[in-house]
Amino acid sequence: MPDAASSFNVLLTGFEPFENDPINPAWEIARALDGWQHAGATVRGVQVPCVFGRAIEALDEAMARWQPRLVICLGLAAGRSEMSLERVAINVDDARIPDHAHYQPVDVPVVPGGPAAYFSTLPIKAIVRDLRAAGLPGAVSNTAGTFVCNHIFYALMHRLAQQGMGSEPVRGGFIHVPALPEQAARRPGMPSMALETQVQALRVVISTALAVSEDVREGAGQLH
Amino acid sequence: MPDAASSFNVLLTGFEPFENDPINPAWEIARALDGWQHAGATVRGVQVPCVFGRAIEALDEAMARWQPRLVICLGLAAGRSEMSLERVAINVDDARIPDHAHYQPVDVPVVPGGPAAYFSTLPIKAIVRDLRAAGLPGAVSNTAGTFVCNHIFYALMHRLAQQGMGSEPVRGGFIHVPALPEQAARRPGMPSMALETQVQALRVVISTALAVSEDVREGAGQLH
Amino acid sequence: MPDAASSFNVLLTGFEPFENDPINPAWEIARALDGWQHAGATVRGVQVPCVFGRAIEALDEAMARWQPRLVICLGLAAGRSEMSLERVAINVDDARIPDHAHYQPVDVPVVPGGPAAYFSTLPIKAIVRDLRAAGLPGAVSNTAGTFVCNHIFYALMHRLAQQGMGSEPVRGGFIHVPALPEQAARRPGMPSMALETQVQALRVVISTALAVSEDVREGAGQLH
Amino acid sequence: MPDAASSFNVLLTGFEPFENDPINPAWEIARALDGWQHAGATVRGVQVPCVFGRAIEALDEAMARWQPRLVICLGLAAGRSEMSLERVAINVDDARIPDHAHYQPVDVPVVPGGPAAYFSTLPIKAIVRDLRAAGLPGAVSNTAGTFVCNHIFYALMHRLAQQGMGSEPVRGGFIHVPALPEQAARRPGMPSMALETQVQALRVVISTALAVSEDVREGAGQLH
């Protein structure tokens, strides 16, 4: 058992089920890992609403409550087949469909006056390396889209960039996850990944994020 | 325990691992279900070589040995994301790459003088319906390709079509299965399905194939 | 100028515009090449309705009128990016959507009692070879779907298979063509091909089909 | 004829042919439009090398020479099917393959100390609207990758962001273009677009970029 002084929290957020779908793997993963202890850390799984603005408020509350040293936000990317380690969050909301509160922002900044983008501070290359070594499909992605997922990702990185210099910096990032088989069963042709596989992948993600302070340099770029 | 008179066999074949890949989900499923008993049937899982001609010989041997009432052949379709219930086998071998014996037939018939094609005699529409109801991704496919998978599928259906009229006809067909996560981990972007999910899907397939004698009519066609 | 005795017709059919789309490249190609003379042949471009049954009647009328030595039917495959030389027609109608007469057959044969399938009698491998040599994207396809395209393709090959033995056999087949740029402009992400490129491709197709009597053997298969 | 005082230049850059491919649509478009006059502007088509660093030098030289009011850089995105109006350039080089000078940077900034990203200052939404209205396939893209295309795009936007306040700001951005049919003919399954269609699309792009000073707000986001 870790002594109180050395134990700390890892915040893992997942969006609520979206639209008419009764389930969202992002939240199921966070729920499954809530309370998991690893390398002195305890995972805190928190559900966030699929609503512009309110998602950020929920993130802020959870960060205030748990004072995490590591924050990983999860969101569903229906149509992708592997764990997507997002590289960059951009300062724009451009919703192709309305969110859960019927709000559909188009070309407005997530944070007015904020920089155009932030890079993830997770060791995304080391994580992809370790996922693959464990037989789990993962890849770096260069776009998190322009919907609520990118929205919470940008807000997270903006908050983390404001940290004071005195303390050890909190790291964070965003991961897009595939649909569950039961979701794909309703949408022919959609790739999926079993919840158990997804949860196993997040264990690797958290373990590597806690262990690797300087990311490795391994080519994982896209030509376009 | 079923009495000897009413018990019968279901033959489930899976190809050996192909090329440099140490594992093949087709064989792993057949191995996992070998000996499974359901509705009076016992599943017999048999590995077949990934070689033109020899695959058929192995099928013939297994059919002679087990005298099955139902035969389902499995093969890997790397790149597909769901269980593919193949509708039709065509009388052509056209290999894009060599098989395991370095044989690469181009535009030769599977069975010289055989008909151009055979339809699966599995209730493919009912199976897709039941897979989806169980939360498992599945779809009808209208091409099994022109490699060893179509080859064994055509040979199977040709043999089943030669059956005498006296006995209850043996039914059969072919299912293409997705890659495993550990295979997709080596090929970025490839969809996958956990072995446990795949095995669960085959339980549904076998159960429905044994229960449904006349297939349902549910639209599952492709525009092109 | 060819003398009357040696001149002959090539029948090129294209479907009418489908659904709410005002244009169909299949018909535009046939219209553009109507009257084109090449190697002693004259192309006869004929529009056919996008309706089960009536499409075949229109084909029969055109064949009776033009007595062609070569018949090529064209259809749109929205989503494909190259000229698709279809290898095989199967004896099933399985409509995912209704046709223009609101008819939606599911799992009924094109020709009751007909064989499961027919192979194209076009030299599809030589055509693909010549298209690519001319810088035009083309490939062999192993499924023409189960909608009106496969329907007319099967009916054509069934008729050609009934030919008497006395005369030189009429050859025929089916080609799926990509959407036009103006169609893709309304459906983001859809590949397209300019009409001029498509027409140029069909000139190559007809030229090769008239010149090559025995197809080449070049691997163009699919693994699955 | 425009008087000298009111005439100005539009710079259109395109990469040289890459790898073993003898042609690159990016350069073909720039070459085809070199000298085109429209709305008081003259297009200057310039070829840039497919080499990290040297591409930027060539851009700098061309900007110094032509003093353009509008700069559009073009690059090939083999596999995409439409004109991709890139929204954002990110400050990272992560090359999956070596460039023409055998240089393969991994996770190094384009401009050390530069901001994480810049947004395009082209009216990308208005351009997509006008392309589609003209029957030309186009879409907003949220990633320009991490190779030489993103590299020159980021460098361009960094330079434009340094402009003094005195003069009217120069606008610029990047467009990924599809492969040509003759390229797709060598790579089965790859979408393509005829050069004529691509050139026509760039005429629309330039015309709209010159006419629209404030972009429209039309949803064109991605969910992920």
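As written, the chain order gives the labels A, B, C and D, with residue 1 at the start of each chain.
Here is the rule we go by: a contact is a pair of C-beta atoms (placed from the backbone, for glycine too) under 8 Å apart; a residue touches a chain by one contact, two chains touch by 3 or more.
What you see is a predicted model, and the numbers here were worked out from it, not measured in a lab.
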item	value
Chains in simultaneous contact with chain B and chain C	none
For chain D, the least number of touch steps when starting out from chain B	2
Listed pair (A-B, A-D or C-D) duplicating the B-C contact set, over half by residue number	A-D
Most remote chain, CA-based centroid, reference being chain A	C
Interface composition of copies chain A and chain B: same or different, split at half	same
Length of the line joining the C-alpha centres of chain A and chain B, rounded to whole Å	39
Between chain D and chain A, distance of the C-alpha-averaged centres to the nearest whole Å	31
Between chain A and chain C, centroid-to-centroid distance (C-alpha), Å	49
Numbers and ranges of chain B residues touching at least 2 other chains	none
Partner chain D, residues of chain A touching it in the complex	75-80, 84, 87-88, 90, 92-97, 104, 106-107, 115-119, 125, 142-147, 149, 176, 215, 217-224
Chain D contact footprint on chain C (complex, rising order)	81-82, 131-132, 134-139, 181-182, 184-186, 188-194, 196-197
